[in-house]
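Chain naming follows the written order as A, B and C, and within any one chain the residues start at number 1.
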Amino acid sequence: MNRIESRLNTQSAEFQANAEHNRRLAAEFREKQERARHARPQRDVERLAAQNKMPVRERIKLLLDPGTPFLEFSSLAANEAYDGDVPGAGCVTGIGIVSGREVVINAGDPSVKGGAWYPLTVKKTVRALDIAIENRLPVVHLCDSAGGFLPLQAELFADKYYAGRIFRNQCILSKMGVQQVAVVLGHCTAGGAYVPGLSDYNVIVRGTGAIFLAGPPLVKAATGEEVSVDELGGCDMHTSVSGTADYPASSEEEAIAIARDIVGQFKRPQKSAIEWLPPEAPLYDPAELYGILPRDIKQQFDMREVIARLVDGSRFHEYQPNYGKTLICGYAHLWGYKIGILANNGVLFNDSALKGAHFIELCNQNRTPILFLQNITGFMVGREYERRGITKDGAKMIMAVSCSEVPKFTVMCHGSFGAGNYGMSGRAFDSRFLFSWPQSQISVMGAEQAANTLADVKIRQLARQGKQLGEADIAAIREPVLGEFKRKQSAYWSTSEIWDDGILDPVDTRNALGICLSAALNTPILDPRYGIFRM
Amino acid sequence: MFHAFKLDDNEYDLGLSRAAQGYRLHLGDKTVPVELHPQDDGSALLHIDGVRRRVFIATRGDDVFVHLDGAAYHLRYEHPLARLSHQAHGSADDSVRAPMPGSVVAHHVKAGDSVSRDQSVLVIESMKMETTLVAPRDGVVAEIVYAVGQTFERDAVLLALAPVGE
Amino acid sequence: MNNWPFRSVLVANRGEIAVRILRTVQSLGLEGAIVYHAADRDSKAVRMADKAVEITGKTPVGAYLDGAQIIDAARRVGAGAIHPGYGFLSENAEFARAVAAAGIVFVGPTPEQIELMGDKVRARAFVADGGFPVAPSAIEDDDPATFVERARQVPLPLLIKPAAGGGGKGMRIVRSLDVLEAEIERARSEGQRYFGDGRLYVECYVENPRHIEVQVLGDTHGNVVHLYERECSVQRRFQKIVEETPSPALSAELRREICETAAGIARKAGYRNAGTVEFIFGNGVFYFLEMNTRLQVEHPVTEVITGKDLVHEQLRIAAGEALGYGQEDVRSEGHAIEFRIYAEDPARGFTPTTGPVLTLREPADTRVDSGISQGQEVTAAFDPMLAKLIVAGRDRADAIARAERALADYVLLGCRTNTAFLRRLIQHPAFVAGDVHTGFLDANPAIAAEPELKVDTLHALLGAGALVTRSLRDPADLVPSLHAAIGDWSN
């Protein structure tokens, strides 16, 4: 495999301006993340300490093996919701190493509204368990929750992918033979009681841990019975009488040590065999990614330069280099694993769509996982292209993406607009993991375009009513629409709504993808079978 | 990082992880690269803190003996679960309960006695079998609830220890 | 020697000395037999011996004190000679007689010589009678009326000791005669109070005394030579730890004087076989202390500087052969130091230690007289001395330098020993200057204390420990190589 030859001039003013811009965005992202992870009202911090509870990140640190990486998902979930009062959606999820095994961590954050489940908390948890199911990863639950957030119950209770899905996922994991251990570090009430209840193993902390379908106040209200938390659902009752809990622990540290020991008993998964070579760092400095990404969303850049800063040795075997040039396809290694890459270098034309579908088939035949690097404004429109069957060709690409059996990974590098999102394996297309870069944008069409369209509607409406609008009036209609649109297409909105598995600083992408690739290989790769390609 | 080694009277917390080459020793906030290469003559070369030393190491159970820089040392390994369970205290451990219905055959202690964990405190008889019950933790006997010959139900508190801190 | 009167020698001892004796016996083409208690069944000496006979006793030590069993064992294996080593029955005149009565050669002096020197009062009187220097003293019992007057004649400083005393109790040092009578009264009342006996004696007090002893050899033909002196001042609770030769305290003149005094004493006794005359030395004067009628623990340093194999000489003498050389043929060359390696913990009051000998590596180019081998278990059944490290050098400084290296290279894992303490000891400026006396260790308790652990030593220990402990190593090895390579990272 040849190395990509970079054509960048890292000294150019353009490069430097981009770099400064993107570094600033990355710094802002880190700062926001830091606050979401750690800034808490003093009274919540004190309350935790008074209850003898460790902060969630300290619990996770003790749980994970020293000297190993932790890939956190959706650290900025809910950052645009609930007035920003529920950082991280009140829970921490991710992939870490416990006793040498890759596991999914699902930890409640009791320093955020007592760990109450908001709608986005539920969504984040369901997503973490979906990841566990798709990648056959054991799960460690660190349970500490006040229960569902009642005022928003209509958004978290009844629907198919709401709270019930958490427990359904737990059952499916168990059915699949994928292990779960729950550590009860606080109250597991009502639905929450099913997290340890449905885990294969669970540990409960004496004094602070409790499991009950209804707590003492509700029990009193329901039947008049007066009973203490401990008697109703505490450690000793559940470990020695009801058998609901397996291991008693006298401290959080002991509970976590027991959980580590339990995970140490799990049989290790058999990894799917894919091509692998000893890893090599990229030849080009990943920090140069900051200089490659343009400040303007509409501006184009050469994805090869991005690939060169992600893959091993910056080596890339390009497929069909002369055909469908707006879509780059090729093979590379990332942290040793052989992968196929589809990356946008412009809009998708007939030929690039066909090339993409073909290349996805090649990767499936070759059992090569696929990485999609998105920067797409959409498929080409216009009469010539419709006559050539652009709809058909786009459909073929979407068919190939949807039916692909090899693991897929998607990174929103810049723009992700319209159906291009679909052809490039957007959220709906079951990529095992999907991340966004801080400056990326995602919406059905560009903001300007959308704002103009919506403003036009309004202007024509007013015109029919006989109103004549000046520049300022048009601007007054257009600006709020534009602002609202921009807000809801930003990476922060996407990550808040958990349309992705987290924002990544571009320089962290390589490590994140390496970890994801390793995690994805616990699931066998089946032989491909596709639906009908409209020819 | 719940593991520890005891060296004489001091306890040292530590963790170990693997690196691309060699290993890392985790001590509090510090990470120290370390490697150990056994040699043919029974010694080993230890690389740590940028220094390569010739050492001899022998183990027996959880005891590690190291000869280093002309002196011999004895380290005792402590497993996390053993360390953490020794800190166990709690309301469950304030009483000795009957595992099944039966009668008391003998008392080995009386109220006011100091007992140590796992020390036998009374003997009960049930289903023609005698069982010795032990103290769940170090403590002081507060009350012997059932006298010799008396019968009791399952789960009855047969002996109570004074709560910790009293 | 070609025609030995005995074909086989039974070693009535254990540990390092048994190994050492067997080594010479076997090197001479003789058969080496040994008695052993079950506790020593797997020991180095027993495995080395050509024949081994098990003996029993109420305690392991008791077995080695059972003369009858030992003689019986010698008969059974046809041993024509018994070497008693040191300790146990080596200075037991009755045993020596019984051995002779059984028609077996006792490798040592005559029973009469053992008895003479075994009785400290008789020995002292014998030596004084020969005009050899003994510590001036005045014994009250000799003539209570003249006691105080005779006490005044004892050179200052002097020590008033209770006749019934011990353990340093009731002793009073007197440095000037005007307080003598008052001190005598006080000592008497203390003696009465502590021991119920107010009788006293007075002895000349040597401040910071040094322990100097001289090796002597005598044959059955009346020849006696000395093999120079050994200094054994580094002691603890009267137990020797380090011995060396030549003594750094003696001028050539004094050396000659002490050695010839020892030879003279041996000659007067008509001494046969190996023995050691012990002196106390201080302020330029020396006094006879006692004579040991056996081979001593520290004999190797003498062997190093004289080039003689003392056990070989003992066997030759026992076989009736003449020494064959005179005093002028005995040369002393170089310097030798012996270190006793004990199973003990100097930092914790020298308490004896036990444990398995998991690893044993002896330093190269160093004589190590050892009774232990890898795989053995050190128990509390016997004396805690495990081995002797004997270092030779061109001169004292050279010997000390080699000793530092040798002690550092002596590896024994599984049972704590005193080697680190010995290294610290020889680095002490007083030792380097040759300025030691029997109270040296008690005056410098800091030597026994363990130095503070340096950070890099701690890291090295924890690193080594972690890498050989399964509970730490296995989980680290299980981490997939990708995650190991990425290390401590989070997004």
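Criterion: a residue touches a chain if its C-beta (ideal position, glycine included) is under 8 Å from a C-beta of that chain, and two chains touch if they have at least 3 such contacts.
Model, not experiment: these values are computed from the prediction.
Engineer: Would you identify the chain whose C-alpha centroid lies closest to the centroid of all protein C-alpha atoms displayed?
Structural biologist: B
Engineer: Looking at every pair of chains, which two share the most C-beta contact pairs?
Structural biologist: B-C
Engineer: In angstrom, rounded to a whole number, how far apart do the mean CA points of subunit B and subunit C lie?
Structural biologist: The answer is 43 Å.
Engineer: If you average the CA atoms of subunit A and of subunit C, how far apart do the two points sit, in angstrom?
Structural biologist: Roughly 77 Å separates the two chain centres.
Engineer: If I count partner chains per residue in subunit C, which residues reach a count of at least 2?
Structural biologist: 475-477, 479, 484-485, 487-488
Engineer: Which parts of subunit A, given as residue numbers and ranges, touch two or more other chains?
Structural biologist: 65-68
Engineer: Touching two or more other chains, which residues of subunit B qualify?
Structural biologist: 15-19, 24, 31
Engineer: Touching residues of subunit A toward subunit B in the complex: what are they?
Structural biologist: 62, 65-68, 206-207, 230, 235-236, 240, 248-251, 253-254, 257-258, 260-261
Engineer: Could you list, by residue number, the parts of subunit A that touch subunit C in their complex?
Structural biologist: Listed in rising order, the residues of subunit A that touch subunit C are 65-72, 75, 97, 99-102, 264, 268, 279, 335-336, 502, 504-505, 508, 511-512, 514-515, 518.
Engineer: Under the stated contact criterion, what part of subunit B meets subunit A in this complex?
Structural biologist: Contact set of subunit B toward subunit A: 1-2, 15-19, 24, 26, 31, 80-81, 84-85, 87-92.
Engineer: Write out the stretch or stretches of subunit C touching subunit A in their complex.
Structural biologist: Answer in residue numbers: 474-480, 482-491.
Engineer: Which residues of subunit B touch subunit C in their complex?
Structural biologist: Contact set of subunit B toward subunit C: 3, 5, 7-8, 12, 14-20, 23-25, 27, 31-32, 34, 36, 42-44, 46, 48-49, 51, 53, 55-60, 62, 64-75, 77, 79.
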